[in-house]
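Working notes for the structure below.
Note that the chains take the letters A, B, C, D and E in the order they are written out, and that residue 1 is the start of every chain.
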Amino acid sequence: MDIKISEVKLSEEQAGKWGLVIDQDICTGCQACVAACAMENNLSFVGEEDSGYGRSMHWIRIERFWEGEYPEVKMTPNQPMMCQQCGSAPCEPVCPVFATVHSEAEQLNLQVYNRCVGTRYCANNCPYQVRSFNWRDYERPEPLPNQLNPDVTVRRRGVMEKCTFCIQRIHQAQDQAKAEGREVVDGEFTTACAQACPASAIIFGRVDDPESLVSQLGRRSHGVKHLEELGTLPNVTYFKGG
Amino acid sequence: MFKRLFDWLIQPLGLIAVGIAVLAVFSLAAYGINYTQQPPEQPIQFPHKTHAAFGVQCLYCHPGAAKGPSAGIPAQAKCWACHQQIAKTQTSVLLAPLKQAVESGTPIEWVPVAMVPDFVQFNHRAHVAAGQNCENCHGDMTKVTVAQNPQVFNMGWCLNCHVKSAGDDQEKLVKLSDCGTCHY
Amino acid sequence: MTESKIVDLLAVFPDLEPAADAIEHLRSIGVHDGCMNVISGIPVTEAMLGRPSQWTNVPRIALGGALLGFGAGFFLAFVAPYLYPYPIQVSTQSYVPGPPAVVVLFELTMLGMLLSTFLGVFLDSFFPNYRPMKYVPEVSDGKIAILVECPYGDEMKIIDALKKSGAESVRPAEAQHL
Amino acid sequence: MAEKKNHAEHAHGEEHLRKKHLMLDPLPRGQMNAMVMESMHTTSWKFWAVFGLLAAITAYGLFYSWGVMIAEGLGVAGVNRPAYWGIFLVNTVFWIGISHAGTFISAILRVFKAEFRRPFTRAAELMTTFGLVQAGFSIFMHMGRVWLSYWLMPYPNQRMLWPNLHSPLSWDLLAITTYLLSSTMYLFLPLIPDVAMARDRSTGWRKTFYKILALGFRGTEGEWTHLRNAMNIFAWAIIPVMFSVHTIVSWDFAAATRPGWNSTIFGPYFVVGALHSGMGAVIMVLAIVRGTMKNMKYFIRPEHFEAIGKLMLIISMTWAYFFFNDYMVQWYGGDKWTKQLLHFHEAGPMGWMWFVMLIFNVAIPWAVLWNRKWRSTPWIVFTVGLLINVGMWFERYIIIPISLSINRMPFTWRLYQPGIEIPLGIGTLAFFILLYMAASRLIPLIPVWEVQEGQMAHELKKYGRETVVTVSELE
Amino acid sequence: MSEKFSRRDFLKLAGVGAATTAVLTGCGPASRYVKREPYMQMPEYNYNGQSTYYATTCRECAAGCGLIVRTVQGRAIKTEGNVNNPLNLGKTCARGQATLHGLYNPDRVMDPLKRNSRGGESTEVMDWEAAIQVVADALKNNKPEEIAFLMGMAPDHLFDLATDFANATGINAPVRFGALGMFEARATLSKASENLFGEASLPFFDVGGAQVVFSFGANFLETWLSPVSYTRGFASLRESKTKQRGTFVQFESRMSQTGGKADEWIPLRPGSEALVALAIGRLASESRGGPMPRAFSSVDPLEAASKSGIKLETLEHLAEMFAGSNNALAIPGGAALGQSNGLAVAEAVLALNAISDNFGKPGGVYFSALAPNQAEYQGPASAKEMVELIQKMFDGKIKVLFVHGVNPLFELPTSLEFGGASKYVSQIISFATFPDETVREADYVFPDHHGLESWGYQRVTTGSAQPVLSGAQPVVSPYYNTRATADVLIAAAQLAGGIFAEALPFKDEVEFLQSKAASLMNAADGSISAADINTFMAYFQQHGGYWKLSDARGIPNAVDVLNRNFSAEEAQFEGEGEFFFVPFVSPTLAEAGANKPWLQELPDPTTTVMWNTWVEMNPETAHELGIENDDVVKIISEAGELEVPVYVYPAIRPDTIAMPFGQGHTAYGRYAEQRGVNPADLLGQHFNEAGDLAFAGMKVKIEKTGKKQPLSRLESMMGVYGIGLGEE
């Protein structure tokens, strides 16, 4: 194939395309996002033993810690943790078969399930520990498979998976917008977690559009990007609040 | 020279080499046969040829192709809408399953031939919108009776066309060749 | 050439010294160095026997293999990333990553070199070769055998020379299955 | 010193002065050949009992368990989040480490003309090849979809996809493949003359077997020249390959953005670690071979153990040096996660392992190997070698699953408990021994021609009052 | 691939080819053929591969959140909140998301069944004609007063149907019960409201509009009343463009998830809530100046401090905070009300609101808007009323019991002896969708559709300013051989004839719904209106219900509140033991979520435990008793005993232990059965003055068992608690 490729060089400051803003002050830790994600993305449930052994398939988890001791004990603000869709992701270069690559079109970290051979190097190298591995073919007895989302591949054993920012919704919105001859409007669609969140603590949108809601929220002064010091260029901004 | 080669070939190592070569040729042949494999058995020997000859448009029976991801197999009610007015339907042996299905209210079990694997998220609409004709992928239906798959829908085949249609447009190429365009 | 009778002898010597003497002797009666071959159970150098240097292609083949390996590495490291009809970006690394390319070049060069060295031995020595050959098994017990295989006029003279130099036995060489 | 006293006592007896490890008491070559042949032919019921047991363990531990794991998924193993890598990778690194000894002994010692190597080069090289086979098994076991492992190989395909050469795992594949092929070839080349010797002394199926393996080698000048040239090239070229393999293995860890892993010293540290465990394994194998196989007491002597023991001591010191280097820099860096990890190594639930590692890898070798008598005693060095191997296995266990337990997301920290890895690991060990046992009865474990060549090259010469060993420049 | 398409000789060859192809293409499309059944008659609004969205109502709890369900080719794929529904404004909780795992649960009741012996496994499949005959016979062959309906808190339309039916025929008025209502202490709230404001209504607390929120035990972010709506309120308490970040203080002995979000968590001694509330009232009034209201005058803050275990300074600081804001709000709820003095607590806390006089003002206390078509607030039965029903059963006054939407054998404490009483009922007919414990004790089960397969409506009792009637419609056709209970009742009534037939003069459920909705058709201020009922019902289904456009919350009449006397009595605790026992509803499972695998897999928000029950214990207590995480302890109350593993929980009083309610099923499908324990088994027959169960009014003993049962946690014990990291 003699097709020319112009080498795309990413600059350090390059903004991503899609991003999340998470307000930990109003996140109540209710797990609605976790359930929504599971339902949208065909996540397997793994049962008591495996889930207690660090094998649960949550693409998003809500972290909380404790500060102080009784009676001055405080629960730290709930911290939903999902793939940060790094601009410079440590998980990508280590995959020997290009199963996790950077999407030039959507500026996301892709996980190509059918290419994955299961070395799990990406998960080791993910500073956020947000990748889940299909340790087994987890059973979904009939008729539970009726619920599976046809837009999302059902993963089998031996494959790594992770949050995709609901890329199927991104594609669907873009496809719809294109069919109608317009651009995707901010807020036209959102990820499953953001859509479910009763407190609206998760907001999804274009971070490269200064007018979008996420950009506006992201410009508030006290936002934090986790482990930014590693140079991962994460696309999720956290507000601890308080 | 030839004798030497021959001598070498009858050595055990030479025989192994011969074996590998034979196996390779055999596999290639098998692959070739498989490539042009027979279509699956269908409940009705549906003649696409005949329908196309009557001027029935693809999108009449498969309207989903212009509207969404799946082109779809028409409901038997759609078949019946025309066929109940055609006298031959009552008598034809080939059409008996249709008649029976409609009368008994059981669905006809078709076997789709043009399939992509589960891990490929294919959308007809985008392809139709981009000006692709049905026959570009599905072959000329005016020539076939039972639908056949003219090519293996593999990734190289998809990509070839994607890259070609992007042409010099870098942005389009990036969009069309992104892993995440089809795999998620 | 065709008129001359082929002398085909296998002489077995108990040690290195007599063998070296025999070679000298043979040479003196006009047997060409190319017509003699020494078979031994341990490597004896040409210098020990006073024989001309043996030509070997192994280093050249190794070099060629190294170049081929380097070429393969170059292809993988520098060409293959541009063969994609589409850009594959990982992290912010460039398509042709520098340090990893060095690793790939090194490994494939070494692989090419070592594979071809190995093959070189096969090519140079015509391995594998299971046809009948002229050989005496005693060489592995420390004997040295000299194989004379040449068009030559006087067979007796050669046998004489070999015997005189201390050959334990001299017999017509016969190819046999090893 | 005792040495001096011996001098005085045996000033006249040449036989007492010879360096035994140079084997300056040559037997007739035919006899040596016969001894080696005999050692190959001799099997007792004990041999077959052990062989059968190991075969059963291999069948269950390696093949059946692996089949189960392929069918069920990696869930039957103990890997989890965050310890995505477990004993499989520990074993991979361990076996690659073992494999380093063969190359070290036969290539480095050959290059440096350390003459005492001759009798046991093959025994060590066999370990290289068989060790790498186990490493290969271990690394393929570890893959989630091993049936797609061919995707790691570069080959033209309709997807127009090549492997990702950015990934240390791709380098691993290249390096391990290169090393496995090279070491197998390097094992094979010097084997040809010995197999030819065996061919001349065998009948029946063995004759056919050796005939095929000997490739028609006679020992002509040309054949020897090509062989020697090739072996020379191999001896030099395989050394950088060996170093590269374990360095690249270490990059699997060092290139990752993880606390405790991201260390520049990992390359040499791993190489030395590999040699450490490799030499330990060599000495164990030699002790067993000497003890169980017929006629081996002639070829493998306490003096050989003594020489290897010295090497082990040096390597142990080097390992300690690198370990301290790594520890010091990580400790001084002060990164909170690294600090947490170092603390976890020592005081965590598996802290005992950290101390055992140091005792086995440093304290015991230092305490034992300085003594010439002790390091000449087979059972002592065998024990030390065993402990070093345990210690080095612990070292890898600490670096992989234990270090993986601690990361930058404390919410996910979790311990690793091995599952089916245990039968699989035992399976690789059994398979290694099984292969070795089979090989010991199929190919000459002693490179007879090399020993004979050495014996020819060495001589005793008297300088003044003393008789010393000299080596002629044969090669 | 092979046997499907050809049996020719070259098959073997092709097999090799297929393997090659599979290798070359990476298991390409050629490797398999499947059969597809197209629609027989495609709905015209549907295209292959495209989603259809239906509005309906969530039935996981009784709050009545609107859902939009995405369906593809007749399969329900995903639930989202209905953006138009004023209650949840497009949001859902985790249970709403997981409702699909109920719909497609492998353990649903698939056919009408007759159980051969109560409690036994063996059943016979019936057909629906026979089933309806059974119901008709039950109606005909018994005196009306011997027939009773026991119903859940949802759906409302069926309750209305049963009520109408009962009123017309003279059978017992249907009793509604739900464990959520019991743990929310709804009866206490409405009773307190009646006592204070003269109206037995359900108060609504405008958390979002407040500046300072004091919650006494109300776990409004989890399961309390309407968690989605209250969470929205909480979000605007914290993040609002128009005002400062509000402060939130939670008073409870065990930190709930709601308490975890509080700025200050005050671990008061259980039972002292009323005292503390009044003390804060007193101190706040002092801080505000002016005459001391009579309500607070008799309280001694010092005594309150010592009895509650809160420092006086803390009380003063809290009082200042409360007094300092014009927008302070106090909420009573949850465990604070489930004590012997629960009513007093509710009254005292409600009285606190009088200090900032927030009644009927933004950020204050309202009466929940009554749903359209609703004349007055109707609460579910309190535990006491359930005891009355159970007594009737014991007395043999009830011959036939119809059960729908509730699982009394699981949800009611064992000590209330529903199980024992049911033996005196000659015929129990359950309409459950899932084979729960009550189904196992029922003679017949005539399964209702799942909520997503059903018609109906649900009145929104609280949470929305506007009156809302959430509408339900089937989003998929019934998966199993189930039938709507309303249809069964209507058909049975017709079959029974006489007054029964007259009482339900409908063709089917839909006609009944139309009759109920008819009055809304042209009502003023409605979100939809139509000229004819069919159009109206179409709109009703399309929009997911009907709601008024204006705020209809009631304003409590609180003139006299501060001049009343309030009891500062502490609660009485029953049982011998050193620990206060606080059961709470699992925020993820609630009372009926245990059969949904993904709800089981959701970590509990506070402990991150999945798939099990635990008991929470203060680290200090655990240390003293020599108990570690995952040690199984025996908890003994006067009513029973349980064995349960310990979760050492840093935010609970040392004299208190807490357990989640939601697990411990003995039936209810493979994901729920034999998993965890049910804390209701420990609860005794004790009630507060309003008749609600004093579920938090027990004291229990703890015994070590020496067993260990590791709890499955999402969190890392090492990373979060430093357990197993080694000594520093």
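The rule we apply is simple: a residue touches a chain if its C-beta (ideal position, glycine included) is under 8 Å from a C-beta of that chain, and two chains touch if they have at least 3 such contacts.
Computed from a prediction, not measured in an experiment: that's the story for all the values here.
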Next item on the list: Determine the set of chains touching chain A that also touch chain B.
Entry: C, D, E
Notebook entry, point to check: In this assembly, which chains make contact with chain A and also with chain D?
Noted result: B, C, E
Checklist line | Far-end chain from chain B, centres as C-alpha averages | finding: C
Notebook entry, point to check: Of all the chains, which has the CA centre nearest the overall CA centre?
Noted result: A
Note to self: Between D-E and B-C, which chain pair shares more contacting C-beta pairs?
What the structure shows: D-E
Item checked: Far-end chain from chain D, centres as C-alpha averages -> E
Note to self: Can you work out the whole-Å distance between the CA centroids of chain B and chain E?
What the structure shows: 51
Check: Where the centres are mean C-alpha positions, what is the separation of chain A from chain E, in Å?
Finding: 30
Next item on the list: Go ahead and note the Å separation of the Cα centroids belonging to chain C and chain D.
Entry: 30
Margin query: Where in chain A do residues touch two or more of the other chains?
Written below: 1, 3, 8, 53, 61, 63, 65, 90, 93, 95, 98, 101, 104, 114-115
Margin query: Show the residues in chain E shared as contacts by 2 or more other chains, in ascending order.
Written below: 24-26, 49, 714-715, 720
Check: Residues of chain B touching 2+ other chains?
Finding: 12, 69, 117, 154-155, 159, 163, 173-174, 178-179
Checklist line | Full enumeration of touching chain pairs | finding: A-B, A-C, A-D, A-E, B-C, B-D, B-E, C-D, D-E
Note to self: List the residues on chain A that touch chain D in their complex, please.
What the structure shows: 1, 50, 53-55, 61, 63, 65, 81, 90, 93-98, 115-121, 123-125, 127-129, 131-137, 157-160, 227, 230
Notebook entry, point to check: If you look only at chain D, which of its residues touch chain C in the complex?
Noted result: 28-30, 33, 154, 160-162, 164-166, 171, 174-175, 177-178, 181-182, 185-186, 188-189, 193, 196-197, 199-201, 211-212, 214-230, 233-234, 237-238, 240-241, 244, 248, 449, 452-453, 456, 474
Note to self: List the residues on chain A that touch chain C in their complex, please.
What the structure shows: 1, 3, 5, 7-10, 12, 86-90, 92-93, 95, 98, 100-102, 104, 233
Margin query: Using the touch definition from the top, list the residues of chain B that touch chain E in their complex.
Written below: 26-27, 29-35, 37-41, 63-64, 67-78, 101-102, 105-113, 115-117, 149, 152-155
Margin query: List the residues on chain E that touch chain B in their complex, please.
Written below: 4-6, 8, 10, 13-14, 16-18, 20-21, 24-30, 32-42, 47-50
